[in-house]
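Note sheet for the following structure.
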């Protein structure tokens, strides 16, 4: 009669499994590779490895004229390239001290807010896709197409515009643009309620995102997280309000902040909800800007040869993903000595190893989706 | 316990809402469908959603196109392109030759013949920066507002890379020869440039015969420094040469200053020394032999590229490859291609001319003597020392010349422009007077 | 002459051939069901997402409707593609097991069809333990899934298969409990007796509020058993790429697909038979029509009604897929063990009391 | 508060460690004293630079020194500061501030990756954008591009172009 076999737990060797999520993975929003140590479903260590989409943007800039860099800034954050252009133009105008006519400021605000809506639609759509809801993604992409059609009428391109130049914009508004944008806004407002009804207040979606990946405000500031992800953690910080540039001081809008409505402050649901509210704010801004757009020549202040004086500038701009910074050193020639682009997604991504440890794999995907990263601008 | 049930009821309520919403989309799909069935419905379609009709397009970003007869070869678009996908080669008729390069559609007279204008659409990033600086608006993207000249053509995909390189300029044989570009043709056909009996103006850049008040015997020619193979060394040498030449010193002084510049930059290779010695010794600029001696004239398949008709070109190339694999000589190759084309009755006289080109006989045309005479053009202002003022002066000069003013009026506008920018120092004024003076 | 006929006849009626005839029949039903269900699913999902779905591929030039229902030949084209596509077996994978796995899953679905009725007569064999047989056979597929996940030697597939095993096994309990409730009331495991009971009384779904709840419990656990959203965690596109099916391609992948849609059909037909009165026509139940009227009964109408109810339930399953996001594994377990099973047990108790009254 | 009194506060706290050139609102710090100054910037009650906006390396050719430009910002005091540190090109090394501002962690790795500046005390200083076995530091002005990287030709051959 053999005695019951006694299994000594210490002999049962369980070890962590090392998994490579990426660089080809459906939900890493681009070529990001996450080296994950998991034991069972729970993720114990994450090491993001980036650089698969590195196209030496900064090295290129050291061989290009200042006006030739604009199409290259497009290609960094290809989902919100109007913002990249505008950020670059803002930095150069500060360096060269160019005063831009008010009509250009209003056009830049309208176009910037349309681009913010389009970028948020992609961000929220793919976030829903990561959680498993496929229909909201297709609805959001359908609405984004209309914005891209508007941009196509404006400057001919749908994704990479090369539209906002140093000192102005490349083309004036076509005559039916304002009416068409009005049409789009009236069409788009009820659609946002549909997204809420289908996804935002869906019990499974709340179950999957509330209280998941909580980002405390001080950790966010310490990691340099900016944009909707920072506002999701309750920090009321928006460059359009705090460092008012362009025509934003004349337009009134408010800055949505995460309040922990469905879970705790700073969880995935809050970041999602802040982006959803921001889209409504953008609609409000566009409404006001369309009514009060002044007249004037858009290429009045565009210099023939862009030659900034010797010196350096660091300027920040609020893109859809966060705060983009351009540090430009120039020595009077027509090519920059050094152009550093501080990309928001670069810092937003670095926070994932801090907040996603201890959660399960499906939550890791949800947290990554809620941070809304674009690999083009991370790898530059 | 109640929170447990509250959860369940909230869940059921939100499920019901969601389901009801997707059912609504399922039911009235007629007006909500957003798909564009590509092969049947072409973009842009009427206002089903915010699609725009064609003529409302302010600008379009599809393929680049060039009206070559409007192009004055100013290379502005080539300079504006961030990815260098535009290549233009122009041939300038030698001074005083009566060759008329033609008039563009909005009236500016063309000063050179555009021999090659090719855009590599695989490199182009559609940023549209090239269409803005063009003075004649002859480079534009097809479709949209330009659809009167070219309807939207966004389906130009192709199987091989070569056909994505669009060649816009196709100058006829006679024009190129008339402009004195036979060196250009020979370079294209991979042959060594002609050994000039009489100093022929080299093809690309206008020789910088510096207009010094006291022209020395044989003006030193910067082309001599082409002999130095290393690009960096040659660049510093040339810079030193230009500075010295402008300073009016003679040949030996120029050689010394170049040598100094090279040594100071630590680039004084022995090859540079050899070239400098040859410069100092011989007065007349002897063209140094081309760097790499091109091998015996091998017939090149590229010459068949000129054939217009795709079918003919394909067949000719096929036979050419067959023959060259067989190791035949050029003339046998030509006969074989001609025979092949004849029995496929595709042989037209001009295709025969192109095929004949494969085995060119010794060119018989003699280069026309060029009469160096200093006519009145912008080079006159090279004398001004300071780079900024010279730039300003030249700009004013070109502007005035384009309006077709007479010589003295041009000098007048240059003078006013300089005085406005308070750059009109007295030595500049004397120089202007000396040029303006002996003309009046 | 009649010699040949006679011999073929008695071959046909001999015992061996009857089985193979039924086998071919079931395989045909599974194939046709897969074809139609895939096309139907792509169209349903398209319309719910404001798109058109497949519109281009037709059969012999006939493309189907112009406006919305085009592209009929799409699934046939897909099947041909799957059959002719190269079937890759990664070299580090365990070849034999990997080849075996899809057939086990297919057998799991194939064998269950024996007990599934398509009309009062159209039944391969009328077991007197019908329901019990079906529940037992539907858990055969799990073995194949685990085998597939393990054999393809890919960490993600292993994750997918283990998740799927946990899910299917744990959702069989609420399914079983709610079926026991029906058997308890109808008094027999045999399908005919159950439908017979519903013919005498009323459809089981209206039998009592508890039975109504049992219908939902069974249907939800049926959705979970076939790995459909909101429970499609094993082959979650965004996390595990395609779960245990990642390394498969070509014919073997087609087998997986076939058995997934077969399982869906089984669950829906079973729900229809047990809760919605199988081949009984809805008119019969309300018996407000006078006896003489044609109340669409009989074998062929029975088959129509059972398929109509099953297809409606399949549509509801698809409707779920394109509306809900995906649950996390622990939430899935929570739902099963903390919600469905307690409800099923309480139903059982209450129904038995209900029966006593 | 604006740059003037930031400078005043800094002069009081750490007397001779910082110097400014002309009117530009930026301070120059020597690498050795950067540890002290950086601590001060973060912890000092009326400076509280709690967010590091941007950290960028640069290579101005003239005095063959590499440099790093830091841009700090204080969320509650709403003021910003630019700090520039120069190190010789032979062995560029700057003390790391990764454990004070976590944002600096990746930016320092990028500066190392592009310029070869060693940040002592950095948790794991290795290349972030380029593959780990890449030789040379690309953004330096005297960087010569290798022809092939593990057999893959880097230079673009435009022979078809002639």
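Which chain is which? They are A, B, C and D, in the order written, and residues in each are numbered from 1.
Keep this in mind: a contact is a pair of C-beta atoms (placed from the backbone, for glycine too) under 8 Å apart; a residue touches a chain by one contact, two chains touch by 3 or more.
Remember, predicted model here, so these are calculated numbers, not experimental data.
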item: Label of the chain whose CA centroid is most distant from the centroid of chain A; value: C
item: Selected interface, B-C versus A-C, where C-beta contact pairs are more numerous; value: A-C
item: Chain A and chain C, separation of their C-alpha mean positions in angstrom; value: 44
item: Where chain C and chain D are represented by their mean Cα positions, the distance between them in whole Å; value: 63
item: Where chain B and chain C are represented by their mean Cα positions, the distance between them in whole Å; value: 69
item: Intercentroid distance (Cα basis), chain B paired with chain A, Å; value: 40
item: Per-residue overlap in chain D, given as positions that touch at least 2 other chains; value: none
item: Contacts with two or more other chains, residues of chain A listed in rising order; value: 135, 142, 198, 202, 204
item: Residues of chain B whose C-beta touches two or more other chains; value: 15, 18, 21-22, 34
item: Residues of chain A that touch chain D when the two form their complex; value: 50-51, 54, 56, 58-59, 62, 218-219, 221-224, 235, 237, 242, 311-312, 314, 316, 323, 325, 327, 329, 337-338, 340, 342, 346-347, 350, 354, 379-380
item: Chain B residues within the chain C interface of the complex; value: 8, 15, 18-19, 21-23, 25-26, 29-30, 32-35, 37
item: Residues on chain D engaged by chain A in the complex (per definition of touch); value: 24, 50-54, 56-60, 69, 71, 75, 78, 82, 101-103, 105-107, 114, 127-131, 138-139
item: Chain A residues within the chain C interface of the complex; value: 17, 19, 25-27, 41, 128-135, 138-139, 142, 198-199, 202, 204-205, 207-208, 360-363, 365
item: Complex contact set, residues of chain A against chain B; value: 64, 67-72, 74, 135, 142, 145-146, 149-150, 152-157, 160, 162, 170-171, 174, 176, 180, 183-184, 194, 197-198, 201-204
